[in-house]
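Structures are listed in the sections that come next.
Each of the next two complexes has subunit A plus one more chain, namely subunit B in the first and subunit C in the second.
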Partner chain A sequence: MNVFLQQLINGLSLGSVYALMAVGYSLVYSILNFSNFAHGGVIMLGAYFGLYAMTLLPLPLLGGLIVAALCCGLVAVTLEKIAYSPLRRRNAPSLYFIISAMGASIFLENIVVATIGPTFKTYPTVFEKTAIQIADISVNKIDLMMFVIAAISLLILVFILGKTKIGLAIRASSYSSRGATLMGVNVDRVIFVIFMIGGVMAGFAGMLFGMRYTVYPQIGIITNKSFIAAVFGGLGSLPGAVIGSILLGVIETFAASSVSNYRDLIAFVLLILVLVIKPSGLMGKVVEDKA
Partner chain B sequence: MAWYYLEGILILCGINVMVVLGLSLLTGFTGLFSFGHAGFMAIGAYVSASLTTMLHWPFIPAVVAGGLVAMLMSFIIGGLTLNLKGDYFCIATLGFGEAIRLILNNVQTFGGARGMASIPLKSSLVAVYAFVIIGVIFMWFLIRSRHGRNMVAIREEELAAQAIGINVFRYKMLSLAASALYAGIGGALWAHYLTFINPAMFMLTKSTEMTIMVIIGGLGSITGSIVGTFFLTFLPEAFREFADWRMVVYGAAVIAVMALRPQGLLGGIEFSPKGIIKWITTSGKSKKAQVKTPVEGGKA
Partner chain C sequence: MLKVRDLNVYYGGIHAIRGIDIDVNKGEIVTIIGSNGAGKSSMLNAISGIVKYQGQIEYEGKALPQVAHKVVQSGICQVPEGRVIFANLTVHENLKMGAYLRNDTKAINEDFGKVYDLFPRLKEREKQIAGTLSGGEQQMLAMGRGLMSSPELILLDEPSLGLAPLLINTIFEIIKEIKSMGKTILLVEQNAFKALSVADEAYVLEQGVITAKGKAADLIKDPKIQEAYLGKK
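Right, the complex of A and B next:
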């Protein structure tokens, strides 16, 4: 029972970081209808921004998180301006967006390799690696922190989407961006905001992931799992992405204890299963092409 | 420049052309985007290498078998995802490429992470270019056939293509299968040129590198893809000292191409004997034999 609870908590904390990644991806997918494969690059930069904010400036943990989030938001918005908005203006097919995203992801990854170098870096120790004892369960402090920070930022996002005017605009645009434009929604601004939100979440995710493990230029590959989690939860559905991510994190943690060599394969097996059984995912809507 | 060195690069060009031709059909002509072609290459390489080293098959049947097994795998990926609307195919190929690499990393029959060594060196210049020439001719006729035109129709406007009675799923599947076959053969030739393979050679970056060649060369152009491949295979040899910056420049180039000239270097334009003669006789007044340019703005 103890082992079970412990694994569950580990899985939840891993899943919540996947969820932070999947949110940014899912928001963009729901409005622009393409997979933003450059998201991994932004997450990777988040890990580096946080690292340098904490070692060079030296800022405390919270300061590092804020710097990483703001810088990532800026990067994501700039990326949209340079790579996607020319395509958006031309009404280009989504294939072109995906290609542009691929280019951006290669660019971001390799500019870090070329300037900082491909070596592994580690964060300064913020917490000692001790565990907290709650009843019989011991929880790693950093895992707990990952979960708390991810949960707080997701709750803030839910508030923004549900209660604010811009949140309403985002929801309207994801339903139909043309219809939203006709109702007076400034879709350009909505897109700016979703890239900003995605970037901020990516900054958090990157930094938390970097602290838990190590920082290296290919860390963005981890986002592949959040793409798969988004399919698992239902492509284009935000609650689906969050639930899918958390479930993936939990399943991975449990399965990893028995088949550790194939740990990274679990996400793919899950993807195949979802595609065979219920391609629309847990919460997905069936998408029909409207002419 | 020593001939030996030049020959090596030319063989690599030929192998890359094989893979890029397949990707060109898939991305340039059918409008599907794959992150998993390194996986198909890996399958081709491992299958053919096992056949020649363990079962002592002759070279050519082993290479063809490698391609066919890759094609069989593509039926599984395609069958699950190609009839779904959205980016399912893209994400599935992403997972597929990584999964193949992980499996190969852990299966000790194929050497695990160390990979396979002492594969016979069979990919000579003649052998590689024999495959390339057959591949180019087949692709040329496929694109110009009814099937090729159907694929282009799907790329341009899927819904309209379906409305005029094109079986969209079937043609997407055909395109994917053909491109997996090419990638498998390319991988098999690569294995028999390098004489060793390991899973790390078939990372995501290999897939993206191949896709970049298609994009720089031009979506929707066979000759463009070939020119792009030769260009991008020779270029790094000339700029060895900037090796670190190579991928940075590629990434920026892809964004720039998509923003400024999405048809790439030669998008939609094919070199053909007829076209060149026409171009010479009319001395630059008319355009080169213009075939299908990707038209934008189809989707509202």
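Right, the complex of A and C next:
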């Protein structure tokens, strides 16, 4: 029982960081209808921004998180301006967006290899004692922090989307950006905001991931898993992205504890199974207008 | 109020609108009738700033910006063909989107009241997801959403499209009511008879060119129009 609880907690914390990443994929997909594969590159940069903020400046943990989040938000928005905005103005098909995104992802990875180098780096120790003991269960402080930061960020996002005007505009644009434009929404601004939100969350996710494991230029690859989680939950649906991520994190952790070599295999088999049974994912869009 | 001069719209090599002039006076219903592909929607989309054009569009004596959200800001709102409601949002949220550029909470709430008076069906379904509404209800929602921007000029694109005859009558009754609220309406329709019977002024658009214009009451009696658009020989 205790082992079970222990794994569940580990899984939840891993899943919540996947969720932070998956939300960025989902938000962009919901409005621009393409998978932003450069998102992994932004997450990778987040790990480096946080690392250098904490070692070079040096800032405390919270300062590092803020620097990583802001820098990633900025990178994501700039990326949109350079790589996607020109395509949008020409109404390019989504295939071109995906290729542009892949190009951007390779660019980001290589610029880090070229300037910082391909070596593995680690964060300075933040917590003296690494685990908290509750009864028989020991919880890694970093895991706990990952979960708390992810949960707070996601709650803030839910608030923004549900209760604010720009949130309403984002949801409306996700259904029809033409309709939103006709209502006076400046869709360029909506797109700026979603890339900013995705970038900020990528900054948190990248830094947390880097702290938990190590920092290296190919760290963006792990974001493939969060993309899987987003598809699994229903690409374009935010609750879907979060639920898909948590499920993936938990399933992966349990798989790793019993048959560790099959961990990634299980994730991909799961994705294929879900897509075969329900191609739109667990919570994919089903509403349509009757026009 | 609205003055369109020498308007041209191109889609690649296709010259969809070929130098048309249109005038809309305050408080009137002006209708543009014409068959499929005549360029009616292109004209409205040009005014709304979502299609690039050449020529002049003047609104209240000033050149109209060619940017969609600035057009809405100036007081012109389009109720697009095929409704284009936000099927994932509730009825109430859809109406709120109509008021997106407004900040006057008190006046917005008053307008919610007016729209719900005009369309009691929407009030009943306030909390419902808009995608679950019937076609007629979605048309009402699209019109209500347009009114929520508190426009002076409303561009209505094919409001009768795909609706049952009884509902079409209801929609046209509502168009008259909107006029009596002091709004100006530019109505694009394929249902020429209905459109001409509510309009003050009318234009006939054929393959991007205005081929006839005049008082709607005169055009409805014109033998050529009757033959081409009203199905009479």
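To be clear about the criterion, the second predicted complex is superposed on the first by the 284 of 291 C-alpha atoms of A that agree within 3 Å, B and C clash if a C-alpha of one lies under 4 Å from a C-alpha of the other, contacts with A are read in each partner's own complex, and residues count from 1 in each chain.
Convention: a residue touches a chain if its C-beta (ideal position, glycine included) is under 8 Å from a C-beta of that chain, and two chains touch if they have at least 3 such contacts.
Remember, it's a predicted structure, so these values are computed and weren't measured experimentally.
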First, second, both or neither for A:K165, with subunit B first and subunit C second: second
First, second, both or neither for A:R178, with subunit B first and subunit C second: both
Which superposed partner A:A267 touches (first subunit B, second subunit C, both, neither): first
Dominant contact partner of subunit A by residue count, subunit C or subunit B: B
Which of subunit B and subunit C A:N91 touches, first, second, both or neither: first
Partner chain in contact with A:N186 - subunit B first, subunit C second, else both or neither: second
Partner chain in contact with A:P58 - subunit B first, subunit C second, else both or neither: neither
Touching both subunit B and subunit C, residues of subunit A: 178, 287-289, 291
In the complex, subunit B residues that touch subunit A: 27, 31-33, 35, 80-81, 84-88, 90-92, 94-96, 98-99, 102-103, 106, 155, 158-159, 204-205, 208, 211-212, 215, 244-248, 250-255, 257-260, 262, 294, 296-300
Residues on subunit A engaged by subunit B in the complex (per definition of touch): 29, 33-35, 37, 82-83, 86-87, 90-96, 98-100, 102-111, 113-114, 178, 221, 224, 227-228, 230-231, 235-236, 261-262, 264-265, 267-268, 271-272, 275-276, 279, 287-289, 291
Subunit C-touching residues of subunit A, taken from the complex the two chains share: 165, 168-169, 171-172, 174-176, 178-186, 285, 287-291
In the complex with subunit A, residue positions of subunit C that touch it: 48, 50, 68-69, 72-73, 77-78, 80, 82-89, 93-94, 96-98, 100-101, 129-135, 138, 145, 149, 161-162
